[in-house]
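Below, chain A partners chain B and then partners chain C, in two separate complexes.
== the complex of A and B ==
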């Protein structure tokens, strides 16, 4: 492949990504409404954790202040979660329009990955600053532990973003097998929400469960960046954690590509 | 009245039949719902494993709140979910069709979206409730059981009232307002813990504006045989769930006002 074709290819994917991003930026009212809901949610959890921490004298693997940072970052970056498959691709698979995708002079996996990446970047860019700002001003979210921790947090969130998109693309590809329902995808999303730390911070799970959680890719979605932010994971562990996140993202991307290639081989286009 | 009920039954039957056309999908969705709500309770268990108790409340006690909130919310989702999905109907102008039919709008909207898969939430809530009932150190007299059932009915009425209010607001805004979710889904999340844990303003909001305390906190005190720091009597605690019914009544009155205010968006 020459440098020129590579460049042309990149332009195509970038165009797909930014078109999707602009499309999603249209829904501003929905974003504000969603934000109010999330701040409310965060407040409930905040008060519950405060009550829990007041009830115990034994030191916990995470201080209350660190937990507060964690739960607000969960709300601010909730869209990092691989919630659902891309609705339009799902539709394409159901209606058979996926055949058109094949006709496009682009690599299908990269095309879908770019779509999914762009589709979730926009709402996240809208919500993050608002929720973060409100939580930091009024509800006890602290600044990052140090400038270096802030840098580690940003890099780790970007890695989480890649990881999340890889999981979502994988979920979308699974639809090629389960034409009618998105049951597999939904179950994955459910498990991911617990195993990533979005329901309760992972360090608060019982010790023997932690060992299992550490073996799974999901903690790279939220737990790792959020604990880097508050300093609960020391900076010295950052390179290792980041490498782990990226390794998981890469593994899932490769897996997605393999599955997609197989799915395409057995694809029967619906409709006449 | 009887005629209305039988019509409601037919709506529900039709809705169930249509959902059963996709049996595999239905089973998957129900299972998914059960797992989703089930993992949530596991997370709660993990927190109690770590902290022991929350301001003196034990896991079985909190599970009673959790079960009461989940089951009554699931019932309201079953009977009033149509109101939750109502705003798009106004937007499309479809409400005109409902108005043309010689039956109550409440009946038609309420029955328009009976989702069978909600049985997942119901089932999980019921399991938690039953577990709590057996783990608690409480003798289940007939009076207690009746109080529990009464509380569930009133709780379902309260949440249904919220769905009705949400739908009513659509007559004025046309758009669906996601903010209502803070009161419906947020309300059920709030009600899963004793209200005494929350901050003062928050607790007052869910006592006086939305009478959530009336259908969870107070009756639960009576069921658990706990003394109320606020000093309310057992009689008050057992009667107050009625507030949920009153709330639904007010919501339905407002709905009627909304219906009269309705302007079609149709062309």
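== the complex of A and C ==
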């Protein structure tokens, strides 16, 4: 697939993305239900960390206020997590209909990636303002540390979204081998939720473990943007962090493309 | 020059086999046995632009394998296949942007979106210029009666409505060649007729080449001048519907409705194969007695209210060919 063909097809992929976005925007009730659950979870986390900070005298690597920001951003952007594979693609793979995707004049990886971007953006866009608004009004979420921090946060969230979509696409592609279903997906989601900081903020992990966490792509999903927001990661470190997020996204995209090409080769030779 | 050339196309599938039961499953973990089935066994044919060809055969004969190869989504083991001068699986993207494909069992429309949005999407993917697209949509809406359907989400369409929309979707980029895989499957009589009529017009007026896979012999009889009959990966017959008939039997049928019920119609040359009240069905060999002679003979001997000559239903012919070839 040459860059030229990709560029010429850009409008097609954008159309797929926006179609999926519109399709998913229909699920407004789910967004409200999700909001209620997540505010509830956020409050529980909030109480736990308040108790934790009150009972300790040693200074922590992150202040309570920064932790509170972190917790609420986790809830507001929980869908940044690569939770699940794309249901329709999963279905196509299971039934063998995936071969018919080749009957479209488009690059398959880009088509799927665009689809996943659109499908994941919609519920996030629906939930974020609701939860963010409530948390900021009632539950102690502060505004970004500075206008520059706000900008860094936005860019970093976008990079996190690319990264998480690359992981989702990779998980979806892996179904071509496992078939039985979402084992890989669930495993990845479980690991990702711990390793990204969505359960315990990463700065609160032991030092040795943090060195390992820094080598993994998962912190780019949540930890990086949320600490940029509160100023816990200084702005001076932003370019490096962003570059790292994007490098991981790119790596996983390339890996996904390679795997998909292999899977499809097997499919067109073996025939579904 | 032919639009589709297929020469000595072969494709073998490897199917993993295991013995039944738990022990078989365990054995299968260590040692896989494979059975090789030949889906295409040196298939050759060619299709000229503007033809409307029926591709028929029993289940598992190799029909969809052929269509998949022609559509560029399956790579054969050996053989030549050129569609409009391209090898489908080698030049997939340029190839598929020139063809239209409808698989009756599946839809390429987006389930939760109004039909028109799926069309817009295909326009973007196929890069159809805006004026061409508008013209095509208008034409399709008129031909297929899609007016009110365009703003309906696909999940709310009936099967017949959906099939009409799918046909339109496959034609928005004005392909010169259309593969239809079981386009009338599961449709009611009215929708079937609508689909047939549309395909016929498309072929006649726009000159679109159509390759039609079907189990519905009425489709074939209504649409196709040429038939490719395939079984076990081999082409058994390449010819007209009449050729197909001739291969099986020359026999024709005459249905006679008598003025009053009679016990027996006596003829030497025709055999009674069915009777229902005053209606008697005779089978005769046109080589031994011509239809006019037989009719003359009957009308002079009996009081006849109505009669008509019938061909053997193509269903029966095909079934006979399948059996004759040891299927």
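Going forward, the second predicted complex is superposed on the first by the 259 of 272 C-alpha atoms of A that agree within 3 Å, B and C clash if a C-alpha of one lies under 4 Å from a C-alpha of the other, contacts with A are read in each partner's own complex, and residues count from 1 in each chain.
Operating definition for what follows: a residue touches a chain if its C-beta (ideal position, glycine included) is under 8 Å from a C-beta of that chain, and two chains touch if they have at least 3 such contacts.
The structure presented is a predicted model; accordingly, all values stated were derived computationally and were not measured.
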First, second, both or neither for A:56, with chain B first and chain C second: first
Chain B versus chain C as contact partner of A:34, first or second or both or neither: first
Contacts of A:258 with chain B and chain C, given as first, second, both or neither: neither
Partner chain(s) touched by A:99 [first = chain B, second = chain C, both, neither]: second
Chain B versus chain C as contact partner of A:148, first or second or both or neither: neither
Partner chain(s) touched by A:87 [first = chain B, second = chain C, both, neither]: neither
Which of chain B and chain C A:212 touches, first, second, both or neither: neither
Residues of chain A touched, compared between chain B and chain C (which is higher): B
Touching partner for A:243 - first (chain B), second (chain C), both, neither: neither
Residues of chain A that lie at the interface with chain B and also at the interface with chain C: none
Touching residues on chain B, where the partner in the complex is chain A: 22, 24-25, 28-29, 31-32, 35-36, 39-40, 42-43, 46-47, 49-56, 175, 177-179, 181-182, 185-186, 189-190, 193, 197-199, 202
Residues on chain A engaged by chain C in the complex (per definition of touch): 5, 8-9, 11-12, 14-16, 19, 22-23, 26, 97, 99-100, 102-107, 268-271
Partner chain A, residues of chain C touching it in the complex: 11, 13-14, 39, 65, 68, 71-75, 89, 92-94, 96-97, 101, 103, 106, 108, 110-113, 117-118, 120-121, 123-127
Chain B contact footprint on chain A (complex, rising order): 29-30, 33-34, 36-37, 40-41, 43-44, 47-48, 51-56, 60, 180-181, 183, 186-187, 190-191, 193-194, 199-200, 204-206, 209
